[in-house]
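Look at the two complexes coming up: chain A is in both, with chain B in one and chain C in the other.
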Partner chain A sequence: MFELNTSIFTLDELISTDISAYDAVYLGDPFCAGYPENLIYNRKDLEKAVKILRENKKRAYVSSNAVPRNDDLSKVKEALAISSEVGVDAVEAHNLGVLRMIKESFPKLNIHMGYLANIYTLATVLKLKEEGVRRFIANYELSLDELGELKDECGLEVELLLHGKMILGISEDCLSKKWVPEPSAPGNCRDLCRNGPSLSSQGMTLHNFGRLTLSGRDVCMIEHLPSLLEKGFSCFKLETFGEDREYAAAVAKIYREALSAAKDADYNPQKYIRLLEKYSTDGFCNGYYFSTSGQEYVSKG
Partner chain B sequence: MFPRVKLEAPANNLYSAKVAIKNGADMIYAGIKGWSVRPNIFEMEKEEFEAVIKLVKKHNKEILLVMNCFYGSKELDKALKLIEEMSGKGLSGVIVSQPALAREIKTKFKGLTVHISVQSSASNSKELEFYKSLGIDGVVFARNTIESNPENIQRLSNYGVKIGVFIVGDDIANYDGKCYLSSYLNHKLINDGTERYSCAIGSANKSGYCFLMCKRKCRLLKDGKIQGDGYYLRRQDLALFNKTKELVSSGVSILKIQGREWPVPLVARLVRYMRLALDSLEDEAKYQKAINQLSKLVRIKQQIQANHLWLLSKSKFRIWLALRKHLQRPWDNLETLLWLYAPFFEKMRWRKFQKENLILN
Partner chain C sequence: MQEKSKRQYQKPELLAPAGSLKMLKAAFIAGADAAYIGPKGWSRRRQDFELSDQDIQMAVDFAHGKKKLLRAAFNCFPMSREIPLGLSKIESLMKFGVDGFIITDPGFIYEARKRFPQAEIHLSVGVSAMNIEEVMFYQSLGVDVITAPCELALDELTCLKENSPCKITVLIHANRDFTYLGRCTLSSYFKYSRQDLGNKIKFWGSPNRGGLCYRLCKAHWQMCEGHLQGLGNEAFFLFEEIPEYIRLGIDCLKIQGREYSVELVREIVSFYREFIDACIKNEISGCKDAFQERLCRLTDKRDRERLDATSALLTECLGKEEAAFTHV
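Let's look at the complex of A and B:
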C-alpha cells in the first residue's frame, strides 16, 4: 500500500480540486501567515475542509508555520489547538520550537516533520523520534541511497517528493511584493503568489511563490517508481501548490495509475511521461535523488 | 549601566586571529578545512588551528571551532573525533547546527561550550527551550527575527541560554541553512583531500562551496515578459550596529561579526570600531564616532562584495567594466583604495580554487 498526498492552502482550492486520486491532504500554507484564507488559522474553513476530506475517506493533515518568530507563537498555538479540536490525523512541523509546543500542549497529535527542518542524519531522526515524530521528509539534498539507509535504520515513515516543484529556499519576507511594481491590494496577494514572477540566471529558471523560491523544473520520479517501491518507500508527496487545479488532479491520477502498474515486469513509464509533459513548462529534473545537481534529469531509458 | 557582552570575530588564518584579538575581540571563531560552511580557502589546516588555540589562550580569550555543516550520518563520528582531538588542545567551544551532534558533544565533552549556529535559523523562544533541554550554552538567532523587538530579546534572555546575533553580515536571499539555490545549479560529490570522505560542491549546507546564486545578476520575468535585469535576490546588508545599545541592554550576550571570507584589514577595523562602540556605550560622542566609522566600513564592504562577484565570473570584459567604475570614484583615502583592491590579490587564489573544484557555466 502507498499514500499519495499533496498540499492545499485554502478551502476554495480544496473544493475546486478533484482529490479522488489522493489518499491524504496537507491543509494550509505553512510558509506565509498572510496567505488569504489560509486554512491553518481559519477554524470554520478548517472544519469544513476536514469534513470534506472525511466524507471522501481521505486523511487530513494540517501544516504549521515553517519559521515562526516570537510574535507568531501565540497564533501558532491557537492554530494547533484548532487542529487538535477538529481532530486531524497529523500536524506537520518544520520548526523545532513548534515540535516542542506540540509535545507539551497537544501530546495526542501525530507529528510529521517537514522538509524545512533540515533532516540530514540518522542521529537527528532518532532525536526527533524521541520527541514523538511519526513521519518525516528528509532534506531534498539527500540521495535515494542515503534515504534508504535512514528509512531502514530509524523505523519511521519517510515521505518522498515524487513530483512537482522543489522548494529551494524560504526568505524573511515576500519577494514577489518587492519585485512586482504594481500596487498590491490585499485581495490580489493570492494572485501575485499563484501567478508570481520567475527569475532566470545561469541558464536556469526559478519560480517565486511569495517568500519561497521554487525550482523551475518539476521533479519527476515516474521512471524510477519500481526502484522506490522496491526500497520500501510508501509515502509520496506531489507538490502542487501554486499550480492549476487541473494539474493537481491530473498528476495524481497519472501517478496513481503508474504506482499500481510499477510492480509489473513490463512497466513502461514512457506513456506516463508523455502525459506529464503536457503539464510541465520548464521540463523535468530528479532533484538530488541521484547525487546530481538539482536541475538534472536522470533517465533510465 | 550596560551589561558586558562578548564580541565574536572571525578568523581564517593565524594572522587574522592575531589581528582580531589585537583589535579587541573576546571570542574567535574559525573552521578546519572541510568542516564548516565556507570554502576550503577560508578554513585552516589542523596545525594552524592548534596555533590559533595557543594564541587565543595566551590572551585569555575564547576560541570556537565552527562545525556547522549538516554532516551525513557517516561523518558524525569523524566530526566527534576531530572535536575530541581539538578539545585536548584547549578548545573553548564548538558551533554546530545539528541538534543531535550538539547533544553528543554536550554529553561527551563536559568542558566545551556548545553554540547553535545561525545555519539552524533559530527564530523563537520555543526553539530556545528545545535547545536548552539539550544543554546548549548559546544560540545565534536567524537574521532579522528577533532584533526588531527589544522586549522579545528580554523575554528570550530569561531562559539562561546566551543569545547571539550577527551585527554585521552579508546580504542573503533566504534564511541561512534554508537555501538550496546553489546545489540546484550544480551539485557534485568530490573527495576534496580533507579528512571528511567527500564534500558536496554546490551545497552550502553540506560543505560550504556555495555558488552565491543570490549575488548573481538575473532576469525577472512576469507573465512571459521581461521586467528587467538586476540583482533581484540581493537584499540590504545586515548592519545592526545602530542598535548596539538596545541590543546590549535588552540582553543579547554575543555580538557576532561575519567575515571569514572578507579581507583581513576590513574585519580588523570592524572589530576595532565595534569594540570602541561597546566600550563607550555611556560616552555618546565616542559611541557615535564608532558607529559612523562602522557605517563607512559597511559601505566599503559592499564595494568589495561587488568585486568578489566579478571574480566569480568568467568574463574579462565585465572585470574591466567593474574596474573602470571604481577608478572613477573619488577616493576617501589610501586605505579605501587598498581594501577595494584586496580582492585582486585574492583573485589568484580564487582562480586556483575554481580550476580545481568548480565547473561554472
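Let's look at the complex of A and C:
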C-alpha cells in the first residue's frame, strides 16, 4: 500500500486536473496569500474541492501559510477553523508557530509537517511527535539512508518527494513581481508566478515561482522505486504546482503504474523514463537522496 | 518634558563575533560586552573561524577576567546521531564557564534544555522565527533569548517584546539574503560534499548543515530577457534603528562577521560601542553626521573584504575565477 499525492492550489486547477492516479491532494497555496482563489482561505471553494475529492475517494489535506508574519496569524487561524469545520483528513503546517496554533485551538486536526519546517534530526521529529504530528517531509538535504533511519526510529509517516521540482528557497517578497517589472497580463498575478522567469548561471537553471526559487531539473526517482518500497517508504509526493495540468495527470499515471510493477524482479524503469522525459524541460536529478549535490542524477544503469 | 528627554534607557548588550582568540581580545578591548565563538565542527562557518576546546577555555578566562560574557554557537542542523555528541560538547563548555549557547535545531534545543536546566539557550537566527506563535513554540522548547530575523520591522519586534517572555537579540550588522535565512539550498543544489572530521560530519555547500555557503546568489544570473547582478544578498549596518531598538528595550545588539579581519571587527565594535553609548546618554544630536561618515568608511572596508571572500568562495565552488557582484 502506498499513497501518491500532489498539491493543487485552486478549485479551477482541481477541476481541470485528472486526479485519477492520486490517492490524496494537498489543497491550497502555502506560499502566497495574495489571491482570493487560494483554497486555504476560500471556504466556498474549499468545501467544493473537498467534496470532489471525497466523491473520487481521495484524501483531502489542506495546507497553511508557510512563513506567516504576525499580521498573517489571524488569517491563518481563520483558515484553520475552516479546515476544521469542513472536516479534512489533515492540515499541513510548515511553520512551528502554526503547529502551536493547531495544537491549542484545533486539537482534533491531524497534522502533517511540510517541507519548509526544516526538519533535519530525529530529536526534532520525536518532539514533533509529542506535539501530535502524524507525518512529515524532511529537509531535502537528508540522504535516503538518513531518511530510512529516521523513519524506522520515529514511527511516523515520512513523505518523500518522488518527482518534480524542488523548492530551493522562499523569499520575503514576490520575486516574479520584482524581476518581471512589466508583466504581459497586468493585474493577474497568478499568471505572473506561473510564468515566472527562468534564471541561469554556471550551466545551472532555476525557475522562479512567486516567492519561491525552484530547481530547474525535476527530481526523478523512478529508477529507485524498488529500493524505496523495500525500505518501507509509502507516502510519495509528486510536486506539480506551476506545471501544466497534463504534467500533473501524466506523471502520476506513470508513477502509479511503475510503483505497482516495482516489486517485480524484472522491473524495467527505462520505458517509464522515456515517458517522463516528455514532461521535463531541463532534465532530471535525484536531489540529495544519494548525498550528491542536488542537481545530479544518479543512474542505476 | 526636559526630564523625559534626558531619560536614560537600559543599555543593550553589544555582542561581537570571535572567529579567533585574537579577534575576541580585539572585540573586548574595543568595548564589546559579550562575544560568540563556534566550537570546531559545530557552527555555520569554516573551521578556520572556529575554536578548539583549548582556545575556548582561554577565551572564557579572558572574557571573565574582563567581566565579559562568552557564548558558543551550535548554529547548524547536526546529523541525528551527532546530537549526543553535541550535548557532551555543551557539557564540557559549561564546565569551562561558557555563558550561553546559540542553537538552531529544535530537537537539539529541547534535549539541551532537558539535560542542562540552568544553561542559557539562544535561538539562532538561522531558524528565521518570524512570528509570535513561533517564538512561543521555541520558548516552550526551552529558549531564553531569540535572535530576531533581519526582516522583522519595528512593530513586529515590539509585538515579540511585549508578548513573549524571551529576551531579544537583533542583528545590527549582518546580511540579508534573497531568501529567508535557513530556507535556502541553492548552494548545495550546485555543489555538496561531506567530510568526516573525526566525530563530526561537515556538509560543504550546505550552510544549514554547518558547511559553508558558496554564495551562488552573488554570481551573474541570466534571466530570459535580461541580466541580474546577483539574486540579492546585501550586507547592512543598522544606524537610524539603533535608538529605536534601545527605546524598545531590545536586550542585545549583535554584530556578525567571524570571517572578517581582526582590524575590521575591532573598528565595527568600536564604532557601535561609541554610538550606542552616545544614544544612551542622548548625545547624538550634535555628532550624528560624524558617526554617519565614519560608518560610510567602515562600509567601504567591509565591502572590500566581503567581495574578496565571495570571489574566493565562488572560485572554490566553480573551479575558475568568477567575479562576484557585491552591492553596497
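Convention: the second predicted complex is superposed on the first by the 294 of 301 C-alpha atoms of A that agree within 3 Å, B and C clash if a C-alpha of one lies under 4 Å from a C-alpha of the other, contacts with A are read in each partner's own complex, and residues count from 1 in each chain.
The definition used in the following text is that a residue touches a chain if its C-beta (ideal position, glycine included) is under 8 Å from a C-beta of that chain, and two chains touch if they have at least 3 such contacts.
All values derive from a computational prediction rather than experimental measurement.
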item	value
Combined model on chain A where chain B meets chain C, clash or fit	clash
Which of chain B and chain C A:A261 touches, first, second, both or neither	neither
Contacts of A:V86 with chain B and chain C, given as first, second, both or neither	neither
Which superposed partner A:S201 touches (first chain B, second chain C, both, neither)	both
Partner chain(s) touched by A:V298 [first = chain B, second = chain C, both, neither]	neither
Those residues of chain A which chain B touches in one complex and chain C touches in the other	67-70, 72-73, 95-101, 116, 118, 120-124, 126-127, 139-141, 146, 149-150, 166, 168-172, 175, 179, 197-202, 204, 206, 213, 215, 288, 291-295
Chain C contact footprint on chain A (complex, rising order)	67-70, 72-73, 95-101, 116, 118, 120-127, 139-141, 146, 149-150, 153, 166, 168-172, 175, 179, 197-202, 204, 206, 213, 215, 288, 291-295
Chain A residues within the chain B interface of the complex	67-73, 95-101, 116, 118, 120-124, 126-127, 139-141, 146, 149-150, 166-172, 175, 179-180, 195, 197-204, 206, 213, 215, 288, 291-295
Residue ranges of chain C in contact with chain A within the complex	77-80, 83, 105-108, 110-111, 127-138, 140-141, 151, 156, 159, 178-180, 182-186, 188-194, 203, 205-206, 208-209, 216, 219-225, 228, 231, 318, 322
In the complex, chain B residues that touch chain A	70-73, 76, 97-101, 103-104, 120-131, 133, 142-146, 149, 152, 155-156, 173-175, 177-181, 183-189, 200, 202-203, 205-206, 213, 216-223, 227, 232-233, 361
